Structure formats: C-alpha cells, structure tokens
C-alpha cells in the first residue's frame, strides 16, 4: 500500500445518501382475477409509481397477498379514497403504511437477556424502523438493561396466583400502547385471551428448530440426541404453545466437543438472528399470514 | 417404533400430484408509471389469473423488470395480441414462456467434469426444465460421460491456430441450435464475437467468489492467502473475462488442515451448486439483466 | 483482459501434485491418564511422525477417542506389534487404516435415485475413497442407473412375505462383501437382526432435520407446518427407526412460494450433501461412536 | 398443550452446572518426530489428563502446532518445570493458560459502532472470557457507548499531524495495558511500528470477503459489481493493509432489491459475527499463526 493510503482515512467509507423510503401498500384478499389490475390502476390514477411489487396467491387456500412499494410523490389521499370506495371495501383488506411511522415495541423478557439486549442495541444504532417503549418481566434481571437505555421497566413477578400475574402482565403491556409485543425469551406461557388479543402482533423466539423440541429444555434435549446443528424459530404467538405461524428459522453447527453450555451459547446467536429478522420483517410490513403460514416478501 | 411401522413401506412417501405449471410473462422496460396496471389489465382481459408476481424497478437506472406467473386457462393468444398492439410494442420488451417448452442446452467442458456430470445426472432425474442436446470439448475426457447418457460429443481440439479452434467450437455449438450454452469448466477464453452472439444465453461457472481471484488458479491462490472460505460464481459470459452479470454465488468453509487438493474438492461442491442454480433460474425465466447486474425473481 | 490471457488456456489450472496420504490410526477406549503418551510414544518408537491428531474425551461417559495421521515412512509392523502387546490389547481398541485401501460400498435404493446417482457420479470422478460394488433395490427403477456405471443390480422385490424379502435383501447385500452399506433412500424399514449386523457400517439418509419429522412424508409435513427451512440427516442405522447416531445434518431455505414439489426438490439437494459427507467421513475414518453420539474428527 | 404446561414456567430451562474449565497448553515448534510423545509424557508425569487435543503439522513449512486441554487437578508447577527443562526450551515455544484469567481488551473505533456495541453487550452478558478495559477513538461518536457500560473513553482526534495522532493513539492504548487490541471499524491505517508491537495481539474486522475489495468502500464496490453475497473478514493486523493472517470469514446473501444502505446493513451483521468469533477464538487460545496463515483449533 502506497503513501496515499497511509494518509487517507476512511471516514467517508460507504457513507451513502439515503434514498427516500417508499410508502408500502399491503393487501390480503380472497383470490379473484383482476385484483392486481385493480390495485395497480388505483395507484396509477393517484399518480403513484410502483418500484417494487411482490404478490403471491396460495392456490390451495385461494388467498391473495401483495406488498407494493410506491415511490414518494403519489397522491395518497386519492389512493385511499379509491381503495376505500364501496367495491374495494367489499372484497379485500388493505393498509397503507407511512414510511415515517416508527412502531412502538414492548419487550417481554425473563432471565436470559441476549435477545432483548441485541434488540435494544440495534434500535439505538438506528438499524430498525421502530422504537422500544418499555420492558416487562417476571424477573428483576432485565432492570439494569432497561436503565442502560433509559427505558421503563415493569416488574410483574409471579406469586401464588398465576392468573393474577397474567392480568398484571397484560395490563403492563397494554399501558405502553404497543404496535408490536416481542417475547425475548419470556419464559411463561401466555393464556389464549392474551395471545388472541395480539394476534399477528406478538412475536416469540423459541430456542429450537421447530417443530423439533417444542417446549422446555430444547438445548439439553438436542445435546442428548447428539444433533449436529441446533436452531431457533421466530413465530407469531397463538394459543397453542410454539405452534404459531413461523416467520424465520435458522441453524448453526455444533460439534462433539461442545458441552451443553457451548450449545446454549451457539444457539443464542441464532436466537438473536431470527428474532431480529422477524422484527425487521414485521416492522417493514413484509409478512402476511395465510392460516398458519406466513408469506414473506423480502 | 411399533409393528405398524415395521410392515409399512414408504413407497408413497412425499409423492405429490404435480400442480399444472403456470405460463410465465417476463417484461423488461424503461420505467414509467402505470406499467404494472397496463400489464395486469391486459392479463385480466385475457381471463388470466396472476398467481405470483415479482416486479422491481432499479431507481438509479430507471429500468423496470417483472416476472408474472399466470394460471393455466388464460386466453394466451388474446394476451399476445394485446401486448403486441402498437402502444405496447413501442414501450417495452416482453416474452410469454410456454411451461411445456424444454430449453435446449449445450454443455462445453474440458478436463474437470464434475459440473457437466452433475447437470447430466439432474436432467436425467427430471430435476430441471431443459434437455442437454450435446457436449463440446477441447479435450477428450468428456467423451465417456457423453456416451453414458447417449449424447453427442463434439471434440474440438486446439491446434496451432487459436482462432481456427474458436471457429470450429462456435460451429459445433451452433449446429446443436442451443437455447442456452453452459460453460461447465470449459477452460478456454472465448472471443468477443462469440460471447456477444450468446449474450445472456451463455452461463459460465468460475471457481472463486468473484471478484476475488479472477483468472487462473483461484484455489491455489486462495490456499496461499489462507482464506477460511472458498466460493464459486455463476455468471453470464461477456467479452471481459469473469466480469459478466453475476447470477449466483456461494461459499464453503475451508480449514488449516486442508491441502490444495482438499480446497479444490470442497470448492467443486460449490461450483456444482451455483452452476445448477443458475441454470435453473435461467430455464425458469427468473433472471433479468440490468446493465451488468441481474434481477433474480426467486 | 490483455492478449496474454487470450492465448493462454487454463488446462494446468489448479492441478496439484498429490501429497502421499498418511496412515490413519483410530483409537477407542475408556479414558485414563497417559493414553495419548502411550500412543504417541509407540508411534515415535516406530519412527512415525504425527502430522495431524484429533483427540477427545467425553467427560460424562469417560470415553476416549482419537484419530491420528502418521506420515508415510513409519515402521507400521513395529507399530502394530507395539500396540498389540499385552498391555495395550487389554485397555483399548485400535485400528490402523491403510491409505491405499478402497472400501467396498453397497448401495440400497428404491424409487428416488438422486442420492444413489450422486454417489455413483462422484465415485466415478474419483472424489471419494471407495468403490461401489453393487446396487440392491426393492424396485426396478435403479437398474438403468446401475447399468450406466456397469455395476451389478440386485432386484429384491417385496411379495407377500415381508420377512422373506428381508432375508433375500440381506443375502444380496452380504454376497457383495461390503465394508459399508448405504441406504440411498431405500424406503423399507430393516429388522433389528440386520441393522445389528452392520452396526456402525450402515448409513441412512433421512429427509428431515431429525428429530423433527421422524418417519414417513417429512416434506409434506414440513410444508403443512409452514417451516422456513427443510433439512436432511445422515446417521448410522440402528434398530430404532431414524434414531441412530447422527453423522451429518444440514438445512436449506424454503419460501412461501414453494409447492410441495419445490420443497422435495430443494430438500433433495440437502439429502445428497449430507449423504455424501457422511460417506466421506466414514471412508476417511473420521467418525467414532460414543453411545448414541458421534465424534467427528474433520 | 395441557394444564401442566400452562402452570409451569421455564425458569430452569437449559440451566446447566458449568463444568470446571480445563487449563490449555499451546505449543508452536519446528516439526520433529516425537514431539507429541514428549508433550503427552510430560503431562502424564504431572498427573494431568488430556481431555481434548488438536495437533497439526504444516508439511510445507514443517511447523508444528498443538492445543491441549488438561483436566483440572494436574500438578501444573511440575508440568511447567518439565516443559522448561533445558531440552524443551531449546526446541519449542509453549504457554500454559490459566482458565481463570480474563484477557484485557482495548477497543478502537470510529463512527460505525455496531461491532464495538455488540462486543460490549456480550462481555456484559458473560459470553466471552475477557473484559473490555476501555475504548479509544478518533471520533466522539463512541463516548455515549462507553458511558453506557461505565468504561473509560479516550478521544484521540486527528489534527494536522498524522504521526502525532498515531503516537497519541498508541499511548492511549498502551496505558490500558491490553492483552488484545481490537479494531472495531477503526477507520485509520496504522503505522508498521504500531502493528508490529501488537503482532498477533491486534484483530481487525474488514467489511469484505478478503481478498475481494481491499481498502475503502467495499460495500459500494460490491453493490456496483452486482455480487449476490457480501462478506466480512477478521484478521490479525500486519503492516500491510488488510493482508494479515485471516482468522474468520463469513458471507450473507444480498438481492437485486437491496440498496447500498441495505447492503451495508446486511454486511454489518456479518462483521459482528466474524469479529466476535475471532475474539472468542483468540481469548480461548484456539489460534496459532503459521507465517501468514492461521491454524484454528475449534
């Protein structure tokens, strides 16, 4: 390397002018011919330009899903009017997502804090389109983490009355008016009335490659089985444990030299990865749910 | 496992009724508002139902690309007519791809036969939508492979006159009327007049993670540098060596214990993978080229 | 690229002088202090030079495993004598593996031939240290494949008597005197008397990421669950279905756009990969079994 | 899921009793027969039990490297004495690493803080065997991060005199008596006198899959080339830019839909991963350097 490089510094390295973010239109409907034409025509009439479009029809269930990015400059009021008109309302569900909106995220955690910690660090770095508005926990372990980022911490311990704790937990979450609730290794099973309330708005990370090792102690069970990879799964929470629509999965290699501690540590990296990926996909309106499956437009 | 499982066999395992394959419409255009509406309306008017749509506009170059899957049953003649009408022709390039058509593939190879061998095996297993119509080589090594599958083998050795060999090679390829030419570790650099002839219809696999290690001996150079992963790249061939639009890349781990032979062997698996992936994407009309980049609708 | 590169060809590309292969010593023992010293001293006294050594003790079960590569030139007779001496025999199991020996492999298959096909192609390309000595199948589908490579094909159809077929299958395998039997999507469950006979010498590939989806139709079940990755597992066969010591696992991504056929096709690539990897590890004496787990020295 | 699971919580999930950590002996030597025997005998005489041993000889350079884990309970003083004896000292370099020792790590950073942030979070979570003793930066951006974890922050801005800044930077690092210096996207090229001082004790993360895209703006250049994956590389720093011994590399997929910002964001995840992996390998004494390559015992 010559003298030139010695005197340079890289401060400008990869610094880029951000493109203005598009508005996102999502559509969920029963499939019928002409739906793309209807949507695209409405956008064209509102002087909108489509810059990215993902559409998929599930042939078996006849469900239609689309995610459409519209360049800045469209007449969004006119588009809304058009989409809201009688006919449209009758046949499909749609939403227009303002790119400036930052979703309000509530984090529930217990003792294992790596997922919560990674999320808070990334929000702080500006890597995600959302803001964490508070932590809720049945344990005190997360308090220092919340303090580090100047966030409210709501401690909801378990006493003799399980249902009472569930009510207090729900109230603490609700008080923060979340757009999205994330279970960052919150280790209590939630009642159906609560999971139903946050349908498709509550994400859990499970520390196995589902459907292997549903339930408790997945790493120990993986270790005992002698698997060569362990994984993690992020999914929307439903009333049935670890059975909701899967959003993201990944795995990592383990070896014969790994102790259970090593397996836990390797797996934790995958938990973080799928957890963050699921939150990103959700906040960017890239997920649509068909029954118990997800469509991911990525 | 109980008695039930002992007596079962798995012959029906995962056997599935194939869905009828959709017709694919691909579009390449200068971007302008209303293009998706125009396309979708034309399809709707032809009683076509869109089951999967990928569309992307490259904002910097203002290029529009789309790949649209249309369910069986549309009036394709009417759609063609519509798309061919004066206005349409003026503003964009399009193609309708018959799902029953199997592309004719010519394989060029030299001494390393793993990519050619894998392609022939997969075509034989019915895994790809194409047929190999012949092999062309500057070496005799591939002849037994061609014979094994009952395919013509065209031997085009190099003599004193490089250009003469290039002419004979081109003639041998041309005689087989290929839709697609694949360079399966064919180790001669092709002249621009030939690569231009097969623009976006000739795929090469290079045995490195481009742009690292352009040119000869990439594995040895990777070994000497002490890298921890080696890769491979499949790309459309252009006049400039190893510089055409990249279709697929992948890497694999190497370790300090690996000799150069081991690195070559590990890399060969990645070459196969990206080579086959690129051919699949091409034959399924999932690739569009924007300048020196590819759009992959996968 | 300049004129120089135009006139070159790459025929010498990455061609390497093979290093002479080392002799491999494998050791399986109850752990006790001094075992490495004993082994290394015996090798040193036989003028052997260790070029690569992997050793691991499973603390929970107190089992010791080692794989030692000894450079060419050692006095192997003397080493054997030393290792065989009274004391040594008493305390551990060992084997010296001649690098020139090519293991005899019998391939069992049914209708899905991708794993068998890939193995035969790779053996033909010289990528593995073994030779296939024949195919055995309960179906006729594999006959053309066997013929393509000039290999014996033993057809053992299923009639009314399941046990009779098992006996004929076992006899057909045994007649080929295998060092290793590989179940390349052979879709019948084997009786315990047969799996016991080939303990740690019979490898199966199962088309899921075990322990998820044990048994039949794993891809369909994965599809229905909406997983985002599917995998495959290669393992030694034991009497319990899909429950033997795992050798290799891997996964690949699937998307919402994939039909069951697509999932089957994507999974097939992973089946091939783990199947070939397991055979490579076995033929290079890189696997040792501790109870129901494997130690992989790779 | 039944009532049982509703009332359980998972607080004990995967909680494990830590195994006592072994002492690690590392050896670097010119290869000669009998070295393993010598080492293993010395350990046996000190009543040490080897629980994991990795050894490799690079045949081309005749260098020998070993990493040996010795179970708690050995007479380490006696082992040191033995290894230090005249003969031993003459022929090889060795070190015994106390498992209780936590290495002192100094973090250098500039404006991009994701690598530094991830390291601090993981140290805080107890995931690594080391402690961060301070941050040094040519920019003020990292100060809030240092404060968040209660760590000293040393601001060493660049003025007119490049060499003066280098001296102040070196002094700030030195004052913290580091065992290891990590360049967490520190964007200034260091002079040879400084990189030589921390030979094999200074780790850099470069935001490309080296040797592709050495130097500035690798993501922009990758984006412009149209690659389908971007990577990152962690390596020991030497006097030549981005050319030191590689410790860890990885890649991630990018798509045609990604802007440069997206590529930067995806790459940042890989930077974190290889950076943390390299620090883990270093602090666990799993790396040995042979010339410009590393041996990784993992």
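By written order: A, B, C and D. Residues from 1 in each chain.
Basically, a contact is a pair of C-beta atoms (placed from the backbone, for glycine too) under 8 Å apart; a residue touches a chain by one contact, two chains touch by 3 or more.
Since we're looking at a predicted model, the values are computed, not measured.
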In the contact graph of chains, the distance from chain A to chain C in steps is 1
Same residues or different residues where chain A meets chain D? The copies count as same if more than half of the interface numbers are shared. same
By mean C-alpha position, what chain is farthest away from chain C? A
As a quick test, compute the distance in whole Å between the mean CA positions of chain A and chain B. 34
Taking each chain's centre as its mean C-alpha position, how far apart are chain A and chain D in Å? 31
Inter-chain centre distance, chain B versus chain D - centres from mean C-alpha coordinates, in Å: 40
By the touch definition above, chain C meets two or more other chains at residues 19, 52, 56, 255, 257
With touch defined as at the start, can you tell me which chain A residues reach chain B in the complex? 19, 31-37, 39-41, 43-44, 47-57, 59, 66, 71
Chain D residues touching chain A - in the complex, by the definition given at the top: 1, 5-11, 13-14, 16, 18-19, 52, 110-111, 113-114, 117-118, 121, 124-125, 127, 138-139, 148-149, 158, 162, 187-189, 191, 207, 215-220, 240-241, 257, 259-261, 264-265, 268-269, 273, 298
Enumerate the contact residues on chain A facing chain C in the complex. 56, 58, 209-213, 225-229, 231, 245-251, 255-257, 290, 292-296
